[in-house]
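Each of the two complexes below includes chain A, the first together with chain B, the second together with chain C.
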Partner chain A sequence: MAESGAQAPAPIPGTEQRPLLWVTRPLATAARQFAKSLWRPSTIIYPFERLEDPKFRGEVAVASGKPIGVGEIWDNYRGVHALNINTCISCNLCAFSCPDVCIEMVTVPGGDPKHPKKCPQIDYGKCSFCGFCSDACPEGCLSMTTRYELSVHKREDMVYSPARMFEVFKSKLPMNPIRVERPKNEDQILLDPPICIGCNACSRDCPTQCITMLDIPKPTPKPGEKLAKRIWKEPVINDSDCVRCGTCISVCPKDCLFWGTRQ
Partner chain B sequence: MSSASLFSVSDTIAAWLLAHIAYVFPPPVKGWLTSGDVVLGLTALIFSAILLGASMINVIVLIWWERKLLGRFMDRRGAMHVGFAGLLQNFADGLKLFRKDTVRPTQADELGFWLSPTAYLVTSLVIFAILPISTGWNGGSLPLTLLLALVIFSFAPLFIFLGAWASNNKYALIGGMRSAAQMIAYEVPILLAVVAVVVLAGSFDLTTIVMEQRNYWFWAPLFLALIVFLTGMLAEMERIPFDLPEAEAELVEGWNTEYGGMLFAFFMLADYVRYLVGSILVVLLFLGGWTLPSYVPSVLTSFPLAGIVWFMVKVYLVFGVFVWVRASLPRMRTDQLLRLGWMRMVPLALLSVILAALVVAAHCLPVLGCVPSMGG
Partner chain C sequence: MWVNMGPQHPMTHGLWNLRVRIEGEIIKDVDPEMGFLHRGIEKISEDRHYNEIITLMDRTCYVAGLSWEHLFIIAAEEALHIVPPERAEYIRVLSAELQRIGSHLMWYAAFVQDLGLTTPFLYGMRDRDLILDLFQTYTGGRLTYEYMRVGGVRNDLPLGFTARCRQVVDWLMDRFVEYDRLCLSSTIFRERCDGLGLLSAEDAIAYGVTGPMLRSAGSRRDLRKDRPYSVYGQLQFDVATANTADVTGRYLVRMEEMRQAVKIIRQCLDWLDDNPGPVMASQLPRWLGAPYAPVGNEAYLLKRNYPTGLGFSMVEEPHGEAGAYIVNDGGEHPYRVKFRSPVLINIWAAKRYLPGYRVADIPPIMGSVDVCVGECDR
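And then the complex of A and B:
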């Protein structure tokens, strides 16, 4: 027989005297499990049922001292962005700060035809959910919610338009309250007066309207000297309102605005 | 019990079909088409088609039933998305297997490799032709139906071993060897348990055996034989805890390691055909077949096809017991398996034969399932 050579395994404790238990005990266990799960197995049919449902809620997990329910998400979770289109000032800072270059500023209805309103559009195929954009947003209109379901059928659906993110905003999901306070930029926008032509582009495009064009005295030309052809105005920047977005620098046709420290 | 039988149904269909086909032909052909021989031939064809279709559908529903039950035993849900409660999932799986390529290993023996799945499936299906599922609802009614069914049932090791040998794979070969040893070892207790039933019923005809259970179902006096038969059937079907021939942990997939696609589907189907046949045999031999005890209200037994319905309910419940065992027990070792077969099951089966003889001798009617005799 095979058992003569093989080492006999140790018997299960409690079954040495009653070998039938070896068969009946698992059968009883399985039958008990069957009876328990006959009406409802513990599987949660995920897309149709969620742990967020109140029936699955029970205070078990403790995160940072605050008990939360099963399936609830920590409110500092960085999920899909919510965008408040109404308060967005089109400053472009989110797109500047994005390390993955997944934010593109697209035109949304609401601006005047000359200065179209531009809001961020996020490609979640590239996004790494670092949250820099919501940190960078000076108006607090771009923030991250607890929504984590991003599965789509088509790759194009990974791109969330401003309108779609506004829908997320309107659904009143918990927002990530943690926002790194953006340090006031040491640098300020400075003007190189001789080059400026007073064209009003910076003032026109400033998202916070902190640039005002002030009249400057028109110098009296010396004999034989030609006056520069320009509008006799100069931008004055209200530093407390400036969000340091750099829009004025990029629109300046003469490159007369630059970052610098005022003495 | 309705008076329709499978034969009369197929005869009606064949006659109706031939009458309509013959309508377009000139008189001599018309007369030949509606003659008795042609009708009989078409009847046989339709009969086989109905039988094949019904058994295949039952087999696939059986797979669904196992998946759902096993899910409940494991605290999960089983298939649930395709069709109602996942009923069509197995059709989808079968379609997938059907579309797959079948690859034959270069070193495999070609004839044996192709032959064994087909032969295994066909020999398993043939049994359905002689199993009665209600009065009149069977193919051939022979005096020795039970023996014939068991003989065809025990063809399987031959084809399994053929396929395993032809695969030219060490795992397949070991699996085939184990399968042959196991099936031969458990033929003996099964046949002895059947002998007990035959002693009690006095016939090898399955219909007679069912009719003999009108007073009491045979599981009551022959509980020992039922246990032996169930265990032996588990081993014959190679189900857990006796699934040594395809022990996934040791042998990759046992004797069907090298089979893929439709050939694997054939093996799988044939396995489930055998599970169905095993469950049907248990119901026929021990659980009264399509009959119900007389204390069941007649509302439940008088609707059309009631016999078939109750028969299938019993079959599925018996298969549920097999699933229950599968969900509970771990796999045995070869030495345990053979020792259980030869040293426990054979004596128990012999004991049950003696019990059956005693029952017959004493004309003792057990309490359970006791109904007044219907005469005859």
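And then the complex of A and C:
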């Protein structure tokens, strides 16, 4: 039944019935490749040579006319994360952007007791190395390096604490230089003034301190009218400093902040 | 007698089971059984941001990640009414064609391994590594790229990439000649492949078989020509066909497709050299920007007038014609995502092209299908 409707295979040009050629041609090709591979290997001798070595860095390989086919590693390789704890602003954007929910914000020493400093802790057992966290980081303090060796003996060791990622940062590996540009029509954080109670929560928790609480005039109540119980202040957001992390929205007790475009 | 080939069998290249009914040596009937690698990607996609689905697309087909990213991105951009910059389109086509070579080389290596030839296997894997090295220089990953974004691509090509890419494709063009010398002019290869797995064009179309399997039967159907997407309309290339409709024909089609892919890559590199520019659309909905901060309360989300839409795309993937359908109901996640996998249908047509042959012919025939189970089961 398989033969129905199909043509018989046509002879392929150049490969006519020449039995001697059929045997010698593949052998000759393989022999030539073998001879080439003696002085131009396609592999690297891993524990002794490493992809991180400068001679395997791509730019060098292109410039020196090194034979292609030998391993290399470029700066935008997505390996183990490096975290600069000193510049981290605890904005939570890396944890929000993680598709695998493997980033947890843990408290690190350095913040004040009311407003603790939180830095990302990554569970490499879940991480898929997509690089979204490093793209999202507004300060460039969380970045992926060229380190690719991750094997450990215990499962708990797969979790990299901020201190451990700071160690990676201090080893001065090449860091991923890519920064994704933000769209020009990005939404801003807007305020719904009648609902605001002036509680200062947004200003207190803003990682970039771009929210200032400004006084607003207290209206004179008409006779019989009861004024709302509130502090007569209102947040004003400096858009150029805002990193769009949404912390203010999530801490607002009255849900009076929202995303939108100023008309 | 029914014989199970799989789920753990060297012939299957992944997890699927081929149940074969044999009488003596002759195959009378087959029953492919898929679904061992089902991960529910369509359902997971409903709970993710559009850009986060791209991480799933790489895992859908693990040898053609960028082709599947391209497929999803075209549909998502249609659903979200976004127009990417032209430079991003060229980079995507360049990536998809490099991925086609990489996927075909992977197929070549696995296929000849099925036939028992080890030397071509090593050559195929070695040369595929060049493609992976290229990918790593600009996407940052070797197998899971996460490179394309809705509205463009993540980053521009690094300095010196085009020169290096030209060097690699020149190298590969020499290698293709070697592959033909190793396989096409080898008795062992020809004796095991000629005239096996015949599937005529009419049968292939009736079963929905696409890609190199269809073109090896003389059909000229190629979505890049018939329904040009992205910038394929502006590029010159030929559709690779063969008229033998057997395993050797599929080999010839894939080899010719790699040469045509090199032709497309060279045109893309020339264009990219001459036309610098942005690689990301400047106008995007908020949740498609780099950070994915919380949206806030639902009441305000409903107040905003977000665009809704449907997106559909068809892409000539290395294995065949893949399709994606996305329903965007105005939220930050798609309402429904559906994918069409070419491999699922190509395997299912085994009911037509396997019976009549011997048991020993199954590995070459199923090897020529280019099975990728991750994509088949999703």
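Assume the second predicted complex is superposed on the first by the 187 of 263 C-alpha atoms of A that agree within 3 Å, B and C clash if a C-alpha of one lies under 4 Å from a C-alpha of the other, contacts with A are read in each partner's own complex, and residues count from 1 in each chain.
Heads up, the rule we're going with is that contacts are C-beta pairs under 8 Å (C-beta built on N, C-alpha and C of every residue); 3 or more make two chains touch, one makes a residue touch a chain.
Please read these numbers as outputs of a predicted model, since none were measured by experiment.
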First, second, both or neither for A:A136, with chain B first and chain C second = second
Classify the contacts of A:L38 with the two partner chains as first (chain B alone), second (chain C alone), both, or neither.
-> first
Identify the partner contact of A:V101: answer first if only chain B is touched, second if only chain C is, both if each is, neither if none is.
-> neither
Classify the contacts of A:T29 with the two partner chains as first (chain B alone), second (chain C alone), both, or neither.
-> both
Per-residue touch tally on chain A - higher for chain B or for chain C | C
Do any residues of chain A touch both chain B and chain C, and if so, which are they?
-> 1-3, 6, 23, 26, 29-30, 33, 42
For the complex, which residues does chain B have touching chain A?
-> 69, 71-77, 80, 324-325, 327-330, 333-335, 339
In the complex formed with chain A, which residues of chain C make contact?
-> 48-49, 51-52, 55, 119, 123, 126-127, 129-130, 133, 136-141, 144, 146, 149, 151, 154-155, 158-160, 163-164, 167-168, 171, 178, 181-187, 190, 194-195, 197-200, 202-203, 217-218, 243-246, 248-249, 252, 278, 280-284, 286, 288-297, 299-300, 304, 352-357
Quick one: which bits of chain A touch chain C in the complex? Just the residue numbers, please.
-> 1-10, 12, 14-15, 19, 21-23, 25-26, 28-30, 33, 42, 58-59, 62, 68-69, 71-74, 76-78, 92-93, 96-97, 99, 128-132, 135-136, 138, 144, 176, 178, 180-187, 243-246, 249-250, 255, 257-260
List of chain A residues in touch with chain B within their complex | 1-3, 6, 23, 26-27, 29-31, 33-34, 36-38, 41-43, 45
